[in-house]
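Structures for review follow.
Both complexes shown next keep chain A, but they swap its partner, so chain B is in the first and chain C is in the second.
Showing the complex of A and B:
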């Protein structure tokens, strides 16, 4: 039996089948569903909105459609009556295999066609942020394998049951596992609807593709195993499942690959390097403060390979006073220790499979107690994410354009020893700019092979290492030197909107009116854009990081935050004063950090562009929005709101919340400004609030606090 | 090619008996006609021969080897036309035959398709979608796929159903020509077809082979058991006789009957194959034996 000939004719037949053509057409049309139904993945990131969301919609909907097509086509042989001709002259299974392979090939052609159809639209929407390779990779990694997995499962179920309705039941049960809320944040169980948190526009997001591809391979193995097994149950001699299985020839030949494939899937699942095997929640009992009374001096050489996503480390510790007895160090569970010696002597160690909080312990005893020798530890691997956090945020990661490693993903954390001094080398691609312990590194050597080695001397452990494909602009405002590091992909936005000057304006204005940005230290401030793959921004002394999405085109075109992209950026930057990193505001029905931020933006814009502009694009717009909100029938008659479907109720609630935060509150602050005596008085109040921000670190700054500072009551600020 | 069916008994899982102790042998070249009334289990026998069913007892040998071990060999040399079958409606005639050629693993599919299209007079319709064909044309496509690749074993179950008389004769002759180096099994109700082309006849009734031999020997069995007489309107058939035909004439109704013992008023006449078949079904010694069992 020539499988290729069968494949050829099946392919031609399927290309003329209405069922298959219908599945293909609907699959192509399913891509906009995610955005239409507002099922977003990191919506403000362009590549999430215009690539990830459509691709994942098409992946899931298409997978179901292709499973239906597989079932219909498998059953069609029977329904059409062609099976009486085909079964007589063909070897059982060959036709089925050819049909499935042909259907998979058609689905591959449809993936290709889908990618081509949507490419012009996506490219137009994403403009200079569109990367054809990354766009194509999404289709290849998520859509194609998932469709194949779906076809294989559907076909396997049909071979087993020989009935469409029973196959549908089995498929729905399997799909139910994937789409159920129980596995909502599980990368591995979601075979039908792959899980991705978000993408980054500025720093190419390869990590989600890596784990996506890995999970697809796992499920392809399992689906292929199930499909191969189903051939053993192929009906023979007009008999049932059991008889056909017993009469099936070459059982071992068929069962062996099936078992190997299924076992490979399970093994790949167990051996996956992306997430550790720790508990689902963080264990607060595990203290980071360990006894450490023996000092060491460290020399560490860390090399990152962004192509493979791996890290290799050679860490040397001069043990000044050896620890007596067995001790332990902790490392990222993704790393494997390849060598451990003390003064040249091999150190016996045992790694304990007990992952906790993203760390795995390794126990060891030094072979001699002679001081002054060097403990060498070599290890390498793929930094694994802590399981407790992996479903909701990205932790340590080596991506192509972004590296983020901290604590035990960098170097061992010893029990019993503390690092007195450390000299650390980081070898990374020369296109990346490194930051060590939140400070931009300066000393480096070009290795001439596309990599650069950066050196850092510290007096303790290195707790954080970040590197990214950045552009850094350095400029001064009076005595303050600002390093402004942003993703190279955003250069066009930065230049077009003159972001550097905007930062100068903001820092100048806000410093004068509210006080120096608290994170500026020693007349130096690093403003660094974070990859959107990581949760939020942070500020430490001398460093202030901000969300990648601050510069995202979708953010910069949000009219609630400003009339132009520049003004939206002003809004986002002012959050450094009025936000979690500055004044920690409560998020209440009629109070959040947005009110103060929008008001401050308005004031800065008023100073920059004039009162008329600020009145037209801010105050008048706030009033219009509030008036519309007041006029809303459902706001005037909330008793009718309950009669609406929940989706409309939610929509109205979100709309009200947005108006409250971005329009009503600024209007109330503007009213407060008038009541306290004018802009100067309000500035003075805000300066005092900002100065007192530490008092609101734990107990958040509430509306009542604001009223107290202003000496006003809620009634005073009520809008007519 | 050689096929030996040895003492086959077939009982369906439901307990229904299909074939009982059937033994048949065939060696190419052979053109065997299979005759039997509806429900005689002709189709069951054919399904056993194409390895579509497993016998409950007995064995089938292909070239002296068990059929189940020779399945791939059998399928590669088989042309099969079942009584009822389906076609892929969306394909053209050519594409469907190309599809079947791939299933049969025919090397030069193009030439083979050309040949069967010519033989079945379907060349003009090669680009027509199957959904647009008439019943007779679909039957011709069915025959074409069975003849595709010149298989060494051809099993045809009622192949001329739906064909007009001229086409029936034409196909009969085509089958006859092809039988020169093959085994052809032709199951049909049309005794005339068997008489015209088959060198051997199997008569099956109630899952048993009542006769296996040449058409001439089947006819010989009916010698002195066929006769005619003139009946009047309303006359019943004589006891133990089967009326083969009734022709209304000026002097009455001319009846042709078969009987174990012809009544005295019946004038003996030479039997045809149809007479002989009826005689075999109703009066052959084998039937009596099977009934006794």
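Showing the complex of A and C:
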């Protein structure tokens, strides 16, 4: 019997097998496990809860079940004692291949069935946020390849050991690597339980699917390599592993596919375009640039391709006086420079693979005796994530509904040259609303091909470019005009929950208690929703952004939830008063803008939801965090700290700093409130501080300044 | 009788499973020491009895899986085929199971000699801590009931059906770290309980075991012993039927 005939026989048999039926049923039933056991993948967006969590639960549990089925089926002939007869009828290798391929085909049918079974429920739960294509893609990208990888590994282990229990041990060891905490945020090592940060409801996120598919292909190559290698160990003449290998290994052609497949997996791993080769943590020693005394004027043209997720740029710099000697510029490590000329002459350059903080240096030198020419740099590629942040957020990406690029993912950052003025064109899909340096862009031309080119004149560098499928509502509070930009998918939620009124409440509260908002530029404030892939929010001059889940239906329908994402929204809004270009606070070990912001959030929440709620979700939680910090062994015995590996030292320092700024300081301010005579007196002091903010523009507002305003000493605020 | 015990022990210690699993247990233990224990459990010192007990608890699921893998061999198809012969010997079934349990117990002991030696080496090298006397009693309280429970219940399930032992292995992982007195490995209990205790002058909670925890340990011990006995009864009945 040839392979195809065997495949048909095996497929028919497996479709009637109770083992396979059990694996299929349990795999289908495993999807709700993630939500039932409260193991949520990603943030609180609907597509994380109703697509990502079920699919990843089913992927992992199903992979284990299909591996078990593969082992049971592989052992079936030996178990029933007819393997000698079967080997006499057909070639053992062909039979094994036919069985594995048939099992993979059955698992593919089960994936299809699973997607169909859960589609109505998911569509009903997600309502208008449900996208059939995105839903199906998750099954195709994560579930199907992972099940196949699992089947191939299980079968390979069985061919090696010919013992079910030893195969189980080997499989558990391999699975252990994937599920262990060491690789918790590693996209590439988690072969069994793929890592996905989160999804976005408002701005379709394809990036996790791209990297998910890539890692699956890597592991499929490795698993296929292991599987084909295992054929070399297939027992011959009823002899053992070594003899069989020596017999099979003589035929080099059998080794070749295994070696090619395994090598392909390793090469793909090495050549992955998603994450750079930089260090695991941010290097704070990376100074911004050397003295930039050579000014240039720039004209840049940036074009994105949402289908491939790539960027292509043509950047021109008019250089009056070239820098004498070799200098350097930094770009996103994912880009490849295709052309570099000066005055039409090709410039030699060398890009060095020494990534740091998401940037890769390119060294070049210009002829210093030929001034007044134009430096042209053309580059393109898929923006890579900085390794230090890749496990917790996706910063630089080009997707259909969302584009986020910053600093060196946009244009080169030069050492020695200072960009005086820049005229920049961004060509993006015409459905997207762009924001350049946090401000909504206004000047555009329709290209008539589904794209629009937006132009921005800036001084110095462009630090941030974001474009998304936004809607913008404009409303006024007294003299202040507010542009409220949110994902178009959230329109219904914004209307139903009267979000505009919530914003008005916050702005009104803070204006009444601390003074009119100074940071609103020309009485204008932009409030913009971030994609949840960014994992946070920030406030800069006249702009406040916040986490996407603030508007997630689950968040807004859960008023009992303490310190929820809605309050993160309030927190970010209050940063317009404390921090950024409001009161310029120093960033010290204990003191920062966060202390005043957290305290003000607590006060607003207390007024909005009541004293009991604020006590439970703010004051009590601050006290718990501070108590745990006080009790921590290494805080009590810092002499042992140096015994810790540096990664734990850093983690402990960051944790202490966070508790100091977000919990200890608000608790100290609360104590100050009691000492100065109550909330009204503290409000008066804060109002005065905010009014005096100009005095702290250059000399930042420190903890000692706060104590002076309160008429207190550090000793007074010491916590017991 | 001793001869059979030594034979079973040799079969286990020198088989394919034990040496590899011993290495895996040692590597896993070192990983726990260098990644979790080093940070200290529940704000206590890494070398406190709390952290040490939590460390033992974290290593237990893998050790129990090793023990269950060793015991699973006695309920395999091949073993069942030779049961006709072993049943013909004058050794009672209960004694056979007792010997298996003791042999598995020695393997468990070997694993924990390595795991505990690693901890002591770790404490001495990293923290210059040598006061190990306080660890003796907690080690016995954590390890003995856990071993007896899994060995007993494992053999009971194995005598019902071999695949049930593998189910118990999954349970060993699933039950790991539940933060109350029923935590069979103790990892969750020793991570949570110190936070509920008052701290002394040195800000460390004194090491005590709650009566509830001790009672549950005794219960696990009793369940395990009952499991061994029931496994013997079931096996004896099966051999009589055969």
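We take it that the second predicted complex is superposed on the first by the 521 of 720 C-alpha atoms of A that agree within 3 Å, B and C clash if a C-alpha of one lies under 4 Å from a C-alpha of the other, contacts with A are read in each partner's own complex, and residues count from 1 in each chain.
The rule is short, and it goes like this: a contact is a pair of C-beta atoms (placed from the backbone, for glycine too) under 8 Å apart; a residue touches a chain by one contact, two chains touch by 3 or more.
In this text the structure is predicted, and so the values were computed from the model without any measurement.
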Which superposed partner A:84 touches (first chain B, second chain C, both, neither): first
Partner chain in contact with A:637 - chain B first, chain C second, else both or neither: second
First, second, both or neither for A:251, with chain B first and chain C second: neither
Partner chain in contact with A:648 - chain B first, chain C second, else both or neither: second
Touching partner for A:5 - first (chain B), second (chain C), both, neither: first
More chain A residues in contact - chain B or chain C: B
Touched partner set for A:95, first chain B, second chain C, both or neither: first
Which of chain B and chain C A:628 touches, first, second, both or neither: second
First (chain B), second (chain C), both or neither touched by A:16: first
Chain B versus chain C as contact partner of A:173, first or second or both or neither: second
Chain B and chain C footprints on chain A, overlapping residues: 79
Interface residues, chain A side, partner chain C - complex: 79, 163, 165-166, 168-169, 172-173, 180-182, 628, 630-634, 636-637, 640, 643-645, 648
Complex interface listing, chain A residues touching chain B: 1-2, 5-6, 8-10, 12-13, 16-18, 79-91, 95, 237-239, 247
Residues on chain B engaged by chain A in the complex (per definition of touch): 13, 47, 50-54, 71-72, 75, 78-80, 82, 84-91, 95, 98-105, 109, 142, 145
Footprint of chain A on chain C - complex, ascending: 16-17, 20-21, 24, 31, 34-35, 38-40, 43-46, 48, 65, 69, 72-73, 76-77, 126-127, 166, 199, 202-204
